[in-house]
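Input: one structure, supplied below.
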Amino acid sequence: MRVSIVGASGYVGGEIMRLLLGHPRVDVAQVTSERHAGKFVWQLHPNLRKRSSLRFSPVADLDPCDILFLAMPHGKGLESEIDFGAVAPVIIDLSADYRLKDAAAYPKWYGVTHPRPDLLREYVYGLPELHRDRIRNSNRVSGAGCIATAAILGLMPLYRAGLARDDMVVIEGKSGSSAAGRDPFPASHHPERSGVIRPHEPAGHRHTAEIAQELGVGRVYLTTTSVNVVRGVLATSHVFLKAAVTEKDVWSVYREAYSAEPFVRIVKDRRGSYRYPDPRILWGSNYCDVGFELDGDSNHLVVMSAVDNLMKGAAGNAVQAMNVMSGFDETMGLEFAGLHP
Amino acid sequence: MRVSIVGASGYVGGEIMRLLLGHPRVDVAQVTSERHAGKFVWQLHPNLRKRSSLRFSPVADLDPCDILFLAMPHGKGLESEIDFGAVAPVIIDLSADYRLKDAAAYPKWYGVTHPRPDLLREYVYGLPELHRDRIRNSNRVSGAGCIATAAILGLMPLYRAGLARDDMVVIEGKSGSSAAGRDPFPASHHPERSGVIRPHEPAGHRHTAEIAQELGVGRVYLTTTSVNVVRGVLATSHVFLKAAVTEKDVWSVYREAYSAEPFVRIVKDRRGSYRYPDPRILWGSNYCDVGFELDGDSNHLVVMSAVDNLMKGAAGNAVQAMNVMSGFDETMGLEFAGLHP
Amino acid sequence: MRVSIVGASGYVGGEIMRLLLGHPRVDVAQVTSERHAGKFVWQLHPNLRKRSSLRFSPVADLDPCDILFLAMPHGKGLESEIDFGAVAPVIIDLSADYRLKDAAAYPKWYGVTHPRPDLLREYVYGLPELHRDRIRNSNRVSGAGCIATAAILGLMPLYRAGLARDDMVVIEGKSGSSAAGRDPFPASHHPERSGVIRPHEPAGHRHTAEIAQELGVGRVYLTTTSVNVVRGVLATSHVFLKAAVTEKDVWSVYREAYSAEPFVRIVKDRRGSYRYPDPRILWGSNYCDVGFELDGDSNHLVVMSAVDNLMKGAAGNAVQAMNVMSGFDETMGLEFAGLHP
Amino acid sequence: MRVSIVGASGYVGGEIMRLLLGHPRVDVAQVTSERHAGKFVWQLHPNLRKRSSLRFSPVADLDPCDILFLAMPHGKGLESEIDFGAVAPVIIDLSADYRLKDAAAYPKWYGVTHPRPDLLREYVYGLPELHRDRIRNSNRVSGAGCIATAAILGLMPLYRAGLARDDMVVIEGKSGSSAAGRDPFPASHHPERSGVIRPHEPAGHRHTAEIAQELGVGRVYLTTTSVNVVRGVLATSHVFLKAAVTEKDVWSVYREAYSAEPFVRIVKDRRGSYRYPDPRILWGSNYCDVGFELDGDSNHLVVMSAVDNLMKGAAGNAVQAMNVMSGFDETMGLEFAGLHP
């Protein structure tokens, strides 16, 4: 299967390339970058040295292929003069351009009027754990935000089971520096960014909208904090329950939701340094680890969920979606277990 | 003034010693450690090399002095055979032994029955920003927890002004590795601790009780997360307001509370890498930086507050309290501005 | 092929397990740990959660298998009551017990008299790039030290080509915290180990002996420094040349040595953040990256070589050696490219 | 005493400002920045919030003052239209513009012909430990390079005592990210810079020339490596001795050189995590820690020396020189002990 990647010089595009170069059923046909056209891919992604002799192409040189990944900044794909649908029958778009189903939400959260509201319903929100059948039967899939992915996978079982109050949820997302992309800016300069515990978006983070949409919650209070790692997202969520539940109740909700999922692990042990989810051991893996703790004397549950923002939070999840759409084993090309230590 | 420190081999004790060695009105008389008695202090605190030729003494060798700092693990001071009150007329105890005023809270939060409930009322909860007059007139001061300090200083103005609902507050504390003290344990081993975003106490953290006590809030939902730094606490708090307020209202509450405080800074700029509080620039300083952001369309306010857990969160605050009790300038010995970058 | 691992609770043993669980021609039969016998492997290696339901066995329960990896501390294998040769016909020992060929070197470098000097010649020093044919034809292979691996692979081409003076070489090895193994100690406590640039062994490092042995150099001046990462070794070597050479000469020596090697990359670009070897992008990969720079007006060459100490510096190299011994493709199970960023 | 700082928006300028704001004998008169003229200093140096209400001035607005610190990039001061000598009778220039005494060295090491070779002899190389009397009697002092400072202070006693061979020394400098200054560049982007052990200048580093000049050594082989910290330099030097010496001989050389120095500590213990110099505990302090280890069976000595590159390696040393020139206590304003942990 011939697959091309548009916007392959960025971190997400580079990870898609790395995963597809190791995917037994895929040939990476073309990878595009306007700014870096002509360069070898390893000049931008040094881990691919001796792995690929591909060079970046300008997007205008795209040849027809079977699947197209779009890994451009938000809005760029919609502005493009290229008709991507004419390039490939199947498109997986990792930008936020098709994540929200209500066109009216784009001015509020992204500051733009969506130019093609008709397309919003064509794209499936790309989390297989939520929408596997729709993804399988679609040829348009949208990526999900990295913090949104962690939060939604952590919370969805509680909402589907009807345990959680749907008027309000409080989520604190902590994330590493790679989430801000490849281009340097003053706050990303190592002497300024190293060692921080830095409020990022105390209110109004764009992923708020995705989370509210997918969970069906009235108010999502999402704050985000930047911490001193390159990869990783941990979402800590405060859920207010409709009624008191036992730990066993919660266990059974999560087990039912996730025991058959290849990429979700329930992490809740009595002891051990890793008894709760910690993105530290997820770098490069496609897992979402989910754990919880009940606050004994109240109807309050803390849910913790962790992903590698570039993997399950972006590139890995996109390849998983591609596997679902293509009828491949869902874990194909995504076997890396993550490193310890 | 002659001052001694009990439990001076730990991180908090070491910081008290460092501060007092540079304090113009204090002579450090004795520093105790049972395990390290006889060693030079710089063998445990290498930054004090060439700064002090003191050696650790066993606590039994304590001579009378003017002020005694107790920097022992929780409970150790209460078990001690030494009558510290006979050693010094003024005691500043940095453990949790006297933080809670309700003896009945100790079994719940610390798993012990308090052996001397009669003493709980003698000790003032040692945040000068809350209880300056009582501290000035007392000879018994208790330290405050590091996360509690950040959270309380961030939130107190809102509660005093009557803006915040007092039934519930949600707080997420993020902290560095020095908060767990000097003794190594498996989860503190660098290969395991470096790079984490690790849930620490999702529910039931002991500082919950202090925060509820000082703010007078019914439910404090406190979660804590360990992040990849040595020093620093950031508390991110979700406050639910009694009624809608404007940003200007909140500004005036904080300005009134803190414009005269030497160690609290309101940090809320329109731009810049440090437009919100970030403990990154507080290492070694005694500041508590406080900022906030209003969530536009709801009665919801996010408050961020940052301290160096060993300074304003422990040793620095204790020296500040000593200055208050002794009639010294409150900033004496605490002038270090913090480093950038 | 059935393979067992002795000493599988440590970092190196865990990495061998991770690699073999993904190796298409290997079944992991047993993994041993005395201290943790009975526990699931993911309790010690959290990245293997949902990957393996193996439990640790005591070494006494070892069943016969095809290949045995020994990943014990130095000396432990020699003291063992188990006859490992009776368990498996092929042994790969990652300790230092068989690295030195001269029994007289053990008292000097390891402080012990070697109990079985007769075995030293049976073991091949396990770097395939040096001794591929001997490894292929042997059933006893010794691992190499992680700093030694980087240094030797960086320097060997120069010595084989006769360019380097063989009386002296100066090497500075910088390494991460995982090199010291799994057990916590005071200097590995995160508050003490984070942020260091700490002299480790200014003189007398044990890998000195391996490097001198393999390169045939009279004096190896090896210093080591601990830096603020978990994984990674960079060896910076100062080579004094017999005569002036051009950059082109050096290029051709390295190209001849390594162009056909699957796991050695020559990294020397004119520009770019990764124009020299940097272990930052090698975490989890089996590459050794090698680069150099000629000091214009003298017969002096600086060679830089980087590995992940747990991969090419230990577990990955051992699996590569297993592939060579077993007639498998040399890269089997070692395909992970490493992560960027 | 009125002191102004030219180029105060950079990291070194900011540190000079921080130190002088706390100096009891100095008033900071003006601080200049062309790019940031009009901004408050805390907008660039967030640690100075609530410490100073100064704003940056353009250099053209400089008023006469008693001492002028120049903290501009190399070459900028020489190009300036301002006659700094007319602004202040005393100038301390932290750039490299006056470090080398031989004008012919500038084309080689800095790629420029020095426009004012006549001034080179007016400036004293500003390390008080080397040139205290000349600094005291001069009104022009040049700063020293940060790696050069560590290396020279580590090695000078051996050269002065005649122990070291003066034909060659091998030095490896490891440094943090703040050494590259305030402006972001691709390799300083946190996702790229975090976690590295990255060769910086394998040959031809500019500090080579300073070291050779001050030590009088024929060949200085200096390599530099960037490591994962913000502050700190460790220089590891291989010294070849003229004849065999004992450890006691070396001790006495260092003791004689440094026992009376306020900012040099000999760090060489038998045990302990900090038994050798480690810049980890020097952040913010003006110390240079020096240690050594003799390689038993050869005439080879390893010297380790550590500084905070922004303090003893730049701003702190400059303030120390100012104190010397002004007849103040040499430690005035430089009392901060550094932090542990």
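First chain written, first letter: the chains are A, B, C and D, and each begins at residue 1.
We take it that a residue touches a chain if its C-beta (ideal position, glycine included) is under 8 Å from a C-beta of that chain, and two chains touch if they have at least 3 such contacts.
Only a predicted model underlies this, so the values are computations on that prediction, with no experimental measurement involved.
Q: Name the chain pair with more contacting C-beta pairs, choosing from A-D and A-B.
A: A-B
Q: Computing the C-alpha centre of each chain, which chain sits at the greatest distance from chain B?
A: In terms of C-alpha centroids, the chain at the greatest distance from chain B is C.
Q: What whole-Å value do you get for the distance between chain A and chain B if each is reduced to the mean of its CA atoms?
A: For chain A versus chain B, the centre distance works out to 38 Å.
Q: Report the inter-chain centroid distance for chain A and chain D in whole angstrom, where each centroid is the mean of the CA atoms.
A: Distance between chain centres: 45 Å.
Q: Can you pull out the residues of chain D that are in contact with at least two other chains?
A: Correct list: 11, 176, 178, 186, 191, 195, 228-230, 273, 278, 341.
Q: Which stretch or stretches of chain C touch chain A in the complex?
A: Those residues of chain C that touch chain A are 11, 14, 18, 21-22, 43, 45-51, 178, 230-231, 265, 267, 269, 272-274, 281, 283-285, 287, 335-341.
Q: So in the complex, the part of chain D that touches chain A is made up of which residues?
A: 11, 176-178, 182-186, 188-191, 193-195, 228-230
Q: Which residues of chain A touch chain B once you look at their complex with the stated criterion?
A: Within the complex, chain A touches chain B at residues 170, 172, 174, 176, 186-187, 191-192, 195-199, 202-204, 219, 221, 223, 225, 227-229, 232-234, 236, 238, 273, 276-280, 291-296, 298, 300, 302, 304, 306, 341.
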